[in-house]
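Working notes, beginning with the structure itself.
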Amino acid sequence: MIRSAFFEPNKPIKFFKTTKEISDYLDSKTGFLWVSLEAATDEEMLLILRDTFKFHPLTIEDCQSAGYQVAKVDDFISYIFIIAHAIKPAQDFHQLDTLELNLYVGENFLVTCSTDPHMLPVEKTWERVNKDFRLSNFGPDFLCHAVLDNLVDEYMPLIDQMENEIEWLEDSVLEKPSPATLERLLDLKHSIMSLRRVIAPQREMVNRLTRDEFTQIDPQSRYYFRDIYDHLVRIQDLADTLRDIVSGAMDIYLNSTSLRLNEVMKVLTIISTIFLPLSFIAGVFGMNFKYIPTSTHSLGFYFTVFGMIVVGVGMLWYFKWRKWF
Amino acid sequence: MIRSAFFEPNKPIKFFKTTKEISDYLDSKTGFLWVSLEAATDEEMLLILRDTFKFHPLTIEDCQSAGYQVAKVDDFISYIFIIAHAIKPAQDFHQLDTLELNLYVGENFLVTCSTDPHMLPVEKTWERVNKDFRLSNFGPDFLCHAVLDNLVDEYMPLIDQMENEIEWLEDSVLEKPSPATLERLLDLKHSIMSLRRVIAPQREMVNRLTRDEFTQIDPQSRYYFRDIYDHLVRIQDLADTLRDIVSGAMDIYLNSTSLRLNEVMKVLTIISTIFLPLSFIAGVFGMNFKYIPTSTHSLGFYFTVFGMIVVGVGMLWYFKWRKWF
Amino acid sequence: MIRSAFFEPNKPIKFFKTTKEISDYLDSKTGFLWVSLEAATDEEMLLILRDTFKFHPLTIEDCQSAGYQVAKVDDFISYIFIIAHAIKPAQDFHQLDTLELNLYVGENFLVTCSTDPHMLPVEKTWERVNKDFRLSNFGPDFLCHAVLDNLVDEYMPLIDQMENEIEWLEDSVLEKPSPATLERLLDLKHSIMSLRRVIAPQREMVNRLTRDEFTQIDPQSRYYFRDIYDHLVRIQDLADTLRDIVSGAMDIYLNSTSLRLNEVMKVLTIISTIFLPLSFIAGVFGMNFKYIPTSTHSLGFYFTVFGMIVVGVGMLWYFKWRKWF
Amino acid sequence: MIRSAFFEPNKPIKFFKTTKEISDYLDSKTGFLWVSLEAATDEEMLLILRDTFKFHPLTIEDCQSAGYQVAKVDDFISYIFIIAHAIKPAQDFHQLDTLELNLYVGENFLVTCSTDPHMLPVEKTWERVNKDFRLSNFGPDFLCHAVLDNLVDEYMPLIDQMENEIEWLEDSVLEKPSPATLERLLDLKHSIMSLRRVIAPQREMVNRLTRDEFTQIDPQSRYYFRDIYDHLVRIQDLADTLRDIVSGAMDIYLNSTSLRLNEVMKVLTIISTIFLPLSFIAGVFGMNFKYIPTSTHSLGFYFTVFGMIVVGVGMLWYFKWRKWF
Amino acid sequence: MIRSAFFEPNKPIKFFKTTKEISDYLDSKTGFLWVSLEAATDEEMLLILRDTFKFHPLTIEDCQSAGYQVAKVDDFISYIFIIAHAIKPAQDFHQLDTLELNLYVGENFLVTCSTDPHMLPVEKTWERVNKDFRLSNFGPDFLCHAVLDNLVDEYMPLIDQMENEIEWLEDSVLEKPSPATLERLLDLKHSIMSLRRVIAPQREMVNRLTRDEFTQIDPQSRYYFRDIYDHLVRIQDLADTLRDIVSGAMDIYLNSTSLRLNEVMKVLTIISTIFLPLSFIAGVFGMNFKYIPTSTHSLGFYFTVFGMIVVGVGMLWYFKWRKWF
C-alpha cells in the first residue's frame, strides 16, 4: 500500500490518490511530500524509490531485504537514509520481534518504507496529521521525529510487561523454585539482552541526528531528536536494571536449590544418627549368647527399651542444642 | 506553591507576593530573579514557564511529566535546562526513591521546578538566602550551584546508612547465615546499582557544566561546579566499594552453606562408619545357628561387647587422626 | 595460478594469457588491471609483487607467510594493502578455519593474493566479471568491494549453522543433559569467541576504508564499503547473541546436575527415614529377653507388623505433606 | 605545626621562625617559598592559606575537611591545587588507611598542607632539603615532584607485604583450607580493590601534570612527573596481578571444599556398600524359622561368616578396581 | 661488556675495541653509532650514558634499576628512550620471567643497555649486522626495529609451549581430573595474564613509534614498526584465546567434580534402597514372637528368601527403568 500527501504551511493537506501525482510536487519549494510504502510490492518500491526519487541502489536493497539490518543513519548529501526498529505487537514478549522501518529525509520530502502492512508508528502519525498543526507546518524533519517518537514510545509497554513478569518470578523463586522458573528467567534475560542490542544502535543513530551537521535536520528540530535520545537512554537504563534483578533472582534460585539439599541432608543425618545406635543396641541384645546380662530379668526388656528412649531423646536434645532444626 | 524573589548585589532581597510582579523584573540588567515552583498546578506551571519565561515546550513537558527522566543539561542558547535527582527522604533505603528537580538557568534568572511539595535542596537554599551574601550577589549560576550542592549532600547519609547495614550483614553472614540475609544482600546490591545509575548521569551533567562553554555559567563558578563534580565522583567511588563488600559477603554466605553441608555429611559418615560395622557384628552373633563359637561361654557376651567397643573406639581414633573433627 | 585482466569502461575485458602482458598496461590511464595470485609459487609471487608492481617487501612477506596475520589496512601512499580473512569451507564448524586474502588497491590496479587454491570470494567475483557491468566500469575500489562483499557473505551460513546447533543443544540440555553436551557447548563458545576475534579487526579495517581519506577509494565507493561494514556489525551482533544463549544453556546444564543430585538424595533420605525406624522396631522385638511384652500373645506378631505399617505409611504421608515428592 | 623556608639558587636556605616572615618573600622573583602546614590549627590555616596566600575558599575547605577527597589537580590560573593520598604507616594492611596531602604550586611558592602531624613524604623531603642541591635550585615544581615521589614510594612496601601474605595464604589454601583463610582472602581482595581506587585518580592526576599545559610546571620537570606516573602505573599493574592471584586462590579454596565433600561421601558409600549387604545376610540367618538350611550343621556358622568375608573383600576389590580410593 | 661499532652506508663496519673511540664519532653526519651495554658495571654505564652521551639522569636510573619498569617510550627532543621486555629463556614457562632492555635512539646513534649478560635479541642483531646490508645502511631507527623485532619474535615459542600444555591439560581434565590439574590450569591462567600485562604496554609503546612524530623515526621505518605492532596484536589475540580455553577447561574440571559426586551418591542410594527394605524384612522375621506365620513351615525360609530376591530384583529393575545407571 502506498499513501502519500503534500503538506504546505497553513494550507489544507493534499492527499494523493495515485502515485503519479507525486512527481508533480517533487521540486516544490513551498511545501513537502510524505510518501509511505507499507508492504508495497517490489514494482511499487522500484517505481517510487528508484524511478521517482532516484535513491541510491544500496538503500533500496536495504528496504527490500527481509533480514535484520542494524539501525543506522547514512548521509547521501541530498537526503539522509535511516533504519529504525519498531516492536512487533505480540501477546508475549518471550520472543522479541522487531519490524524494520526505513526513512528517507530530504529537504522537501519524507519517504517511509516498511515490509510490514501494520507499521503502527507510521499509522499513528497519519492519524494525527490533521489534528496536530506542527506535523504539516514544521517540515519533513519534524515529521520524521514524530514517526520515530511513536516508534520509541512503543518500547515502554514491553519494559513494563517484563517488569511485571520479573516481579512475579522473583516471588515464585522465593516461594516454590522450580526448573521452569529458571528457564523463564533465562528466557527473560535473553530477551533483555536482545532488547539492549536493538536499542543501542538506535540510540547511537538518534544521537547522530542531534549532533551531526545534517542539512536536512533543522537546528530547531534537534531538541526534539534529543528528546527521543533521552527516551532511548532511559529504556537502556531500565533494561540494565531489569538484567540486574534477573541475575539476582537467578542467584536466589541457585542458592535455594543448595539450601534444600542441605535441609534434606539434615533430615537424613538426624534419622540415621538416632536409629543407627539404637538398632545397634537392639542387635547386641539380639545376639544368641546363653548368658546375656539382664536377659532373664523380668523387667530387663523394659529397662533396655527405657535406655534406648533415653539415648534417642538425648540425641534429639543434642541436635536441638546444636541448632540443627 | 510558587516562591519568587529578586536579588540585587548589596541590596535587600525583594520577595514577591504574587506572580505578576515577576514580569516587571524579567529584563533587569542589574539583578536576577529566582522563581521556584514546588508542586505547582498545571495552570501555574504553564503561566510561569510558557507564558512568562517562554521556555521550550519540550522542557515544560519534562517538568510536568511524572516519569523518571535521566539527568541531563540542555543548551537552549538563551538559557540552559537541567534535570537533577534528589534523594527522597525515607526511613528505609531498600527502595531507592528519587525526586526530579528541573532548573532553568538564564543570564538573569533561575527557575526551579519540582512536582514534589518538599524538595529539600530548594527549601534549604531559600532558608540560607538571607544569611549567605554570596547567594544574592554572585548571580543565578552560583544560586544554581547552591541548590545542586544541597541536593548532592543529601546522598551521603544514604551511603552511610548502607555502610552500616552492610557491616551488620557481614557479621550476620559469619555468625548465623540465613536465606533472609542473602535476600537483604541482594536487595542492597540492587539499591547500590540503582544509586550508581542515578549518580552517573548527574556526574556527567555536572561535568558538562564545568567543561562546556555555557554562557550562563561564569568561569569563576566553574570551580564550584567542579566541587560538586568531585563529590559525585566520591559517591560513585563509595558505591563501588560497597558493591565489592556486598559481593564478598555473598561469597562468604554461599561458601558457608556448602561448609555446613560438609559438616552435616561428616557427622552422618562418622555415625554410619561406626555403627554399621558394629551392627553387622551383632547381626552375625544373632544368627540362628546351633553351633556359634563362644555363644555358650559364660563370658562370651562380654568378650563380644568388649570387641565391639574396641572397634568403635578404634574408628573414632582413626577419624581423629585423619582430622575429621 | 595467476589470472589477470584489463578492464576499460564500456569495452570488452581483455583476459591475459601470460604474465608478461601485465607490464604493458601498468601505466594505463583509461582502465585498470586485476591480477589475482591463487596458490602461486614463490617465484611467481616475487615476479608479480616485487618485480612488476614493486610493492613494499613487508607486504610481500605478509603474502607469503603461512601464519595468521590480523586483518588490517596499510597506506603505502601509491597503493593500500589489505589483509582480510575468508571462512574455509568445511563440513564442520567446530574448528573455525580461516584463509588469508591479501589485496593491493592502487589507482589503476587491484592485486589479490592468497596461498589457498580455492579462494571462493575471488573465484565468485571472476565469474561475475562479465555479467555485472559495474565491476568493469567502476574502478579497482569497487572491484575490491565486490571481493570483500563475497568474503563477508560467506560468514552468514556459518552463523546459521551455529544457531541450529545451539538450538539442538538447548533442547538436549533440557531433556537429557550429559557431559558430552557440556563439551559441545564449550566448543561452540570457543568457536564463537574465535569468530569474534576474526571479525573485530576486519570490521575496524572496513571502517577505516569508509572513513579515512585513502585516495584510492572513491567517495562514491564508500557507501559500498559502509554496506560491508554494516554486515560485519550485524555478524558481531549475532555472535554476541549466540554467546549469551550458549552461556544460558550452560547455566541450565550445571543447574540440572545439582537438581538431579537433589532428587537422588531425596530418594535416599525417604528410604532411610522409613526403614531405619522400622528396622529398629524389628530389632527391639528381636532381643533375646525372656519376658518381652506380647511376645507370647498369639496375635502379637500381627499387632507389631500392623504398627510398623502404620509408622511407614505415616512417614510417607508426612513426606507427601511436606511436598518432598 | 608550620615549617617554612625560602630557597634561592646557589644560596643557603633561609628557614623562617615565625609565619610573619613569609609575607616578605611572597613577591620574590629570585627564589621561592615552601610553607608546610602539618596538623595546623584552623586559625593557622586561615592565616596562611586565606590571608597570606589568598587561595580560593573551596581549596581551603578541602584542606580543612576530614573526609576522604578524590585525588585531583585543579588549575586556578596563578597556582595549581593538588590533592594526593599517602599511605598511613600501620602494622597491618587489612585496613588500608590513607592520609590526605594538599599541595599548592605557584610560580614562586609551594604550600603543603595536611591534617596529620606525621606526613612522612613531607618530613623526608624537609630532611633532604639541605643535602640535595636540586631541591633548592630547581623551583617549586621540582620540590612538589620530590614530595609526590616520596609519597608514591611508600606504596611499594605495602604491595610487598600483600604479596607475602598472599603467598602464605596460597600455601595455606592447598594444605589446610579453613573458613578463616577465605575471610583473609576476601579481606585482602577488598584491600587490593581499595588500593586500586586510591591509585587510579592519583595516576590520572600525575598524568595531567605531565600532559596539560600548567604554567607552573616547567617542561623540564615533566620528565620527573612522568617518572612518578610510571611508578603509579606499575603499582596498579601489581595490584591487578595480586587480584588475579587472590581470585585463583579463592577458586582453589572453593574447589577444595567440594573435593573434601566428595572424599567424605566416598568413605560413607564404601562403608555402607560393604556392611549393608553383609548385615542383610546376617539378618537372613537370624530369622526365627524352624528350618533354616545349614543352621544345624556344625560348621554352618563358619561357612556363612566365610561367605560374608568373601562378599566384603570382593566389594573392596571392586572399589579398588574402579579406582575409588 | 660493552660492544660498539660505527656504521656508514656502503662502507665496512668499524668495530671499536675501546670505549674511547666512541667519542670521536659522536658528531658524525655520515654514519651512525651502535653502543650496546650488556651487564655493564655501574662505572661503565655512567661513563657511556652520563659522560659520553649525556642522557637524562632519570633514564640512567631506569637502566641501572633492577626492578620491573613498565614498557614505554619517552621523547627527550634530541633522542628517544625506550623500555622493552624480552622473554627470559627458561625451561619452564610457569614462572614468566622478563629481561628489561633499554634503548636510546638518536639521529646518529643507537644505545642499547641491559643488566643481563645474555640479551638474545641484541646478540642476534650483532650476528646479523654483517650479513644484512639494511642494518648498516638504513640508520639507527631501522637497527632499533631489528632489535625489537627479534625481541618480539621470542614470544611466539612461549605461546606455542603454552598451547601444547593447555591441550595436554584439556585431555587430562576429561580423562582423569585431579586437583593437580586445577592447580596447573590456574598457574597457566596466571602466566597468560602476566604475559598480557607485559605485552599490552609494549604494544602501546610500538604503536606510539608508528604514530607519533618522533624526528628520530624515519617515515619509511614506520612500516617496519607497524609490522612489529601487528605481531604484538597477534600475540595478545593468542593470549586471549588461550585464556578462554583455560577457562573452559576449568569449567569442565569443576563440573566433573560434581558429576563424580553425583555418581557416588547414586551408588550409595541404590545400595541403601535395595538392602534397607530387605534387612527390614529379615528383621521382622527375626522377632522373638511365639507365633510367627510360616515360621514353622518347612519351606518358610525359602519362601521368605525368594520374596526378598523378588523385592531386590524389582528395585534394580525400577532403577534401570528410571535410567539411574
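Letters A, B, C, D and E mark the chains as written, and numbering starts fresh at 1 in each.
Definition applied: contacts are C-beta pairs under 8 Å (C-beta built on N, C-alpha and C of every residue); 3 or more make two chains touch, one makes a residue touch a chain.
Note that the structure is predicted; figures quoted are calculated from it, not measured.
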Given chain C and chain E, the chains that contact each of them: none
Proportion of interface numbers common to chain B and chain D (over half same, under half different): different
Superposition rotation for chain A onto chain D, Cα-based, multiple of 5°: 145
Distance from chain E to chain D - Cα centre to Cα centre, in angstrom: 25
Between chain D and chain C, distance of the C-alpha-averaged centres to the nearest whole Å: 41
Multi-partner residues of chain A (each touching 2 or more other chains): 258, 261, 265, 268, 272, 276, 279, 283, 286-289, 292
Chain ring listed from chain D, with chain E in second place: D, E, C, A, B
Contacting residues of chain C [partner chain E, same complex]: 56, 58, 68-70, 72, 74, 76, 179, 182-183, 186, 189-190, 193-194, 197, 201, 250, 254, 257-258, 260-261, 264-265, 267-268, 271-272, 275-276, 278-279, 282-283, 285-289, 292, 294-301, 304-305, 308
Of chain D, residues touching chain E in the complex: 174, 223-224, 226-227, 230, 233-234, 237, 240-241, 244-245, 248, 251-252, 255-256, 258-259, 261-262, 265-266, 268-269, 272-273, 276-277, 279-280, 283-284, 286-293, 324
